[in-house]
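Here's the structure we're looking at; comments come further down.
As written, the chains take the letters A, B, C, D, E and F, and residue 1 is the first residue of each chain.
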Amino acid sequence: MKILVINPNTTASMTEHIGKAARAAASAGTEITAVNPVHGPVSIEGYFDEAMSLAGLLDTIRRNPDCDAVVIACFDDTGLDAARCLTDKPVIGIGEAAYHFASMISNKFSVVTTLARSVPALEHNLSRYGLDTRCARVRSSEVAVLELELPGSNARHKISAEIGLAISEDRAEAIVLGCAGMASLAADLATEHGLPVLDGVSCAVKLAEAMAGLSIRTSRLGGYAPPPANKLDGAFRTGV
Amino acid sequence: MKILVINPNTTASMTEHIGKAARAAASAGTEITAVNPVHGPVSIEGYFDEAMSLAGLLDTIRRNPDCDAVVIACFDDTGLDAARCLTDKPVIGIGEAAYHFASMISNKFSVVTTLARSVPALEHNLSRYGLDTRCARVRSSEVAVLELELPGSNARHKISAEIGLAISEDRAEAIVLGCAGMASLAADLATEHGLPVLDGVSCAVKLAEAMAGLSIRTSRLGGYAPPPANKLDGAFRTGV
Amino acid sequence: MKILVINPNTTASMTEHIGKAARAAASAGTEITAVNPVHGPVSIEGYFDEAMSLAGLLDTIRRNPDCDAVVIACFDDTGLDAARCLTDKPVIGIGEAAYHFASMISNKFSVVTTLARSVPALEHNLSRYGLDTRCARVRSSEVAVLELELPGSNARHKISAEIGLAISEDRAEAIVLGCAGMASLAADLATEHGLPVLDGVSCAVKLAEAMAGLSIRTSRLGGYAPPPANKLDGAFRTGV
Amino acid sequence: MKILVINPNTTASMTEHIGKAARAAASAGTEITAVNPVHGPVSIEGYFDEAMSLAGLLDTIRRNPDCDAVVIACFDDTGLDAARCLTDKPVIGIGEAAYHFASMISNKFSVVTTLARSVPALEHNLSRYGLDTRCARVRSSEVAVLELELPGSNARHKISAEIGLAISEDRAEAIVLGCAGMASLAADLATEHGLPVLDGVSCAVKLAEAMAGLSIRTSRLGGYAPPPANKLDGAFRTGV
Amino acid sequence: MKILVINPNTTASMTEHIGKAARAAASAGTEITAVNPVHGPVSIEGYFDEAMSLAGLLDTIRRNPDCDAVVIACFDDTGLDAARCLTDKPVIGIGEAAYHFASMISNKFSVVTTLARSVPALEHNLSRYGLDTRCARVRSSEVAVLELELPGSNARHKISAEIGLAISEDRAEAIVLGCAGMASLAADLATEHGLPVLDGVSCAVKLAEAMAGLSIRTSRLGGYAPPPANKLDGAFRTGV
Amino acid sequence: MKILVINPNTTASMTEHIGKAARAAASAGTEITAVNPVHGPVSIEGYFDEAMSLAGLLDTIRRNPDCDAVVIACFDDTGLDAARCLTDKPVIGIGEAAYHFASMISNKFSVVTTLARSVPALEHNLSRYGLDTRCARVRSSEVAVLELELPGSNARHKISAEIGLAISEDRAEAIVLGCAGMASLAADLATEHGLPVLDGVSCAVKLAEAMAGLSIRTSRLGGYAPPPANKLDGAFRTGV
């Protein structure tokens, strides 16, 4: 089975980090292709970056048809709906994957993400998925996405402090880490705080394997109906 | 006062149609600039078109700084959140404008839009704005956006039939027309059916005038915080 | 255009204050008539006052037919539904006006009102409009309505302190001032706290101009259907 | 125990009808006083009538202090919140009483009320109580309130037909009759349709007995805090 | 009238305590039978205990057919839905009874229960009843159920402290005590804190009397349809 | 990896059917143990059967500790919360599994289950999971559970007819089959109707593999905290 894991930002070191996390989660026999668009924002922090990454993200899906499922490896689930129009293969966002898993191992979970500016977009997604009723709070650690790539930053410390508050103030029973770049921290933080700490990359890879393994496809009726051929051609021909 | 009205698709005849509706609604002393991006989909029908129009839409806002407010003249309120990061001038979507107005003249309203594939995106927006509790149903008339530009189509007939159903089945007290291209039909349909029929273009122009007239600006805290300068530069320099 | 601005309490100095705020917001060419009922409570603070002001409020609308739109200038949107039965001209409450505007310039807003006893009525309204999902919290400053009219009160200080808490605790991106008597404080408080601070009187005047300018009328179907003539006659003949 | 049952409209024959239903429901030892205001609408059908009946309703409560609980015998629960500020004795609306009971004997219930114009006010109440999630639909039978008082009307037939639709279309497991004037029809309609059919008058009398029997009082904190004495005096002195 | 009050745990002293509270609340002429199952958990604290008490609870209902209504005297309303399939007599849970009453005497109430592990089950119930919109917060006092039976425990102190927080932090206008074993504390705590403090046992007894007094029965349509005879026989014959 | 698949009813032929479906879905290397309790209802159709199957279900989990994850193979997700207290291994209900998957391949899905009496329990679950906002409608086909085991029944025809209605009336984009006994019908019905048709057994097996593969465990904080040892011992020693 082949899973296309797309980092929708253009920071190659982060794509590598994500690819590593994805491969660690994948079953034997699953091949992970971790890619990022050539053009677009270097990190996705809020609505504007999200919007500016969409054309590159969708073009990346179009250029990589040889896969069984797609994982969008940005925690705001960038372009999820549009991607599901473009292909009927399962498309899984790392945000939604972690939320769905968290809702099956806890009564309430909290999210710890990067910057305050990203919080409303995540709250919006949770509401759209229906899972806002299961999320106690989306917290920001005020760690920028690319700070997670820096050795010597005190990112881990700030994130751990927010997890502590999520337990004491939100009565969270599980934690979802709200950035693809936090994947490598999950295990340690779980041990430290004594509750499940979920990383979206691994959850999404497993959900992609699960759906592709059952040959489940995205519906072609209604909102995810494929665009007509002339629109598809036009969309990518102009170099957008 | 200057209002920038952006048709996010690339069909110039529709931009002209929208500009005409906007000018008819504008107060004396308001100057309407109706524009569309050079690249992007010819019509916006569903999630994919919406995603592919975003870069062009945002670039159009950036290239037209000489205005007091911005109207996004596509009924799915394309790129509304991202646009509010890009400028602190009021940015009003024609969908939201019509929903807000309808909720102040009726207990429940229904929306009559174009194709079934567009319905989930509109339902999603209504839920995000909080106004899903005020909307009885989003109905599709199965009239394609560009069919509205064709003389001799039976678009008006199909839309009128859906309005009839909205009154009898949904107990709607007002109707919102769910496409910028339907602006010219509102008055006639209101007379025919004996209830308010709202067109988003005129509602949005008036809301934009209202907000700009009060010097109300979009918040710079939280989710609409402006992107850092280097990201803004990068976004548009690559020609995306 | 003529807009009837009704202060539903009987405190003439407050009507004057409101009239002044309304005129400051109105466009050139808009004439503001600011009135209050002869009988009724001197201030509206909670459910009881609201109920006791309704007959006077509705009678005031009936006695002032020469207008294009009506603004109800009490923040609990006193009698809004009943007023919409009485006339098909747009009727706008200052609470709803501010909430709708706030929801278009922020992801979440908080309200700062007068007394704790008024909070549930405002929460009730927000829920009814659908906009409770956009409001982080309704806060009381424990400033009584008429205290706002007193020179030398520390009302401004208390309100400013609550705004500070709304930003730090509620993560509010905008503030709505929850009393008509606070209109003159908005600009200063916005500057002080660095976020939009909305006053309902000006928002409502602008919405009334917008709707009247488009000849939008309240629906006559369903819940806002006009009462039969004999009921209207009876209602006001008995001097209730 | 003494229960004050107030018909907030001024139709004495209906007050008598309601008093009879209340006495039939009351326990031995409970004394029912059924009254109506002198001034106000002859029937309450929608928001306008509701507003115009409030002053009379509240004055009636004030003039009848010798009771242990108050029942507001209009299905839109006219003035419920204001009444709870005026007295700390339990105040029960017949609408809320029936909804609460229905939610404890069925998974979903439907309401069959009088005119379409009354439906939004009832939906609004259900949402406010939280019980909209338990109500499948509020249906109107197009029977005017006073038509229920007329011998020979086909009111019962129309109501029965709507109950049939509530079972087949809404999958309702119980029915709430949505008008005080329908009290005498409940038993027959329950037999005819084979499901519980609740009348609000009897439910409210029993709830009032239950609360008064336990000496439960309305909270004086927050939204139901009593108005200050000078406001109370002022309210009723002016004859409003 | 005969009311069967079932303590679904097997601690006889608690059954006695509950029976006493029920008799104190019951009207003259109401006979209370307080019983508990022979087998099952000694206290019900969370989902597991709840599940393990169901067979005993339902068997107890089956063995006590000589009653007019049933009260389930555990605050998590153990087995309420299943019990309503087993008999068409009114079945009232003490949790729901208190929530319904609290919602008619306050705008918002808080619950103070025993252990943190019980909180999600109560939140779940509130959401199911629709009354989560009326509940500010479910708080745990970290008093175990059986600790309430111990003379000399500081249970009352811990519960009182949580009530204080509910008033100051949740802006609760009324309190619901979240355990049958707290029944005897309600009156004192109400006096101490100056707001209504409701005990579910008394509320449920009164609701049971009210419904049985009106001959209201649980619906036999839909979700509460009785199981077929062979299933009923099988269920209890095997000693499960 | 070993997955324990529990059919909570006592019909062995159905356990076999479920085991077969589970094995068809499982990855190479996953061992499926399909079991059912010795005592309990022969089928689970509604709240009563659900309650009566819990002791047997939980005892089955306790007696089968040698597994990596547990699947509860009844569509009402019998005892899910209690099971999560009993073990920290992932416990997945087939209902929730199918709902979560459906929400990632469609904007809205409908459920087609067996009898009308089962519908409220499923609606209740959907609301609890948050996914009621994603489900258009829960439909009953009026096919009893054990009828699905009978060769020559017209079960398939009835289910297919309901799917047709779900597409035309509910605008469902995907279908969830609401009974473990329908597993073998999914592929054919998907082909017939041209949209995804999900069977919960296969979805749950894949989710169980995914979670166990990532060593994700159920939270031990809050609502899923394990019962104290003496309660566990007591629970199963008495043969309840």
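Going forward, a contact is a pair of C-beta atoms (placed from the backbone, for glycine too) under 8 Å apart; a residue touches a chain by one contact, two chains touch by 3 or more.
Keep in mind it's a predicted model, so treat the numbers as computed, not measured.
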Problem set entry | Intersection of the contact lists for chain B and chain C | A, D
Exercise. Out of C-E, D-F or D-E, which pair touches the same way B-C does, with over half the contact pairs the same?
Worked result: D-E
Exercise. Is the number of contacting C-beta pairs greater for A-C or for A-B?
Worked result: A-B
For this session: Mind checking the centre-to-centre distance between chain B and chain F? Centres are C-alpha means, answer in whole Å.
Result: 43
Seminar exercise, completed: Cα centre of chain C to Cα centre of chain F, whole Å, reads 52
Seminar exercise, completed: Multi-chain contacts in chain B, i.e. residues touching at least two other chains, fall at 84, 107-108, 116, 119-120, 127, 133, 171, 222-224
For this session: Check the chains against each other and report every pair that touches.
Result: A-B, A-C, A-E, A-F, B-C, B-D, B-F, C-D, C-E, D-E, D-F, E-F
Exercise. Which bits of chain F are touching chain D when the two form their complex?
Worked result: 116, 119-120, 123, 127
Seminar exercise, completed: Residue set of chain B touching chain D in the complex reads 107-108, 133, 171
Exercise. Which of the residues in chain A end up touching chain F in this complex?
Worked result: 25, 27, 84, 90, 92, 96, 100-101, 103-108, 129-134, 167, 171, 173-174, 194-196, 198, 202-203, 206-207, 209-211, 213-214, 216-224
Problem set entry | chain F residues within the chain E interface of the complex | 39-42, 45-52, 54-56, 58, 79, 81-82, 84-86, 116-121, 124, 127-128, 222-225, 227, 231, 234-235, 238-240
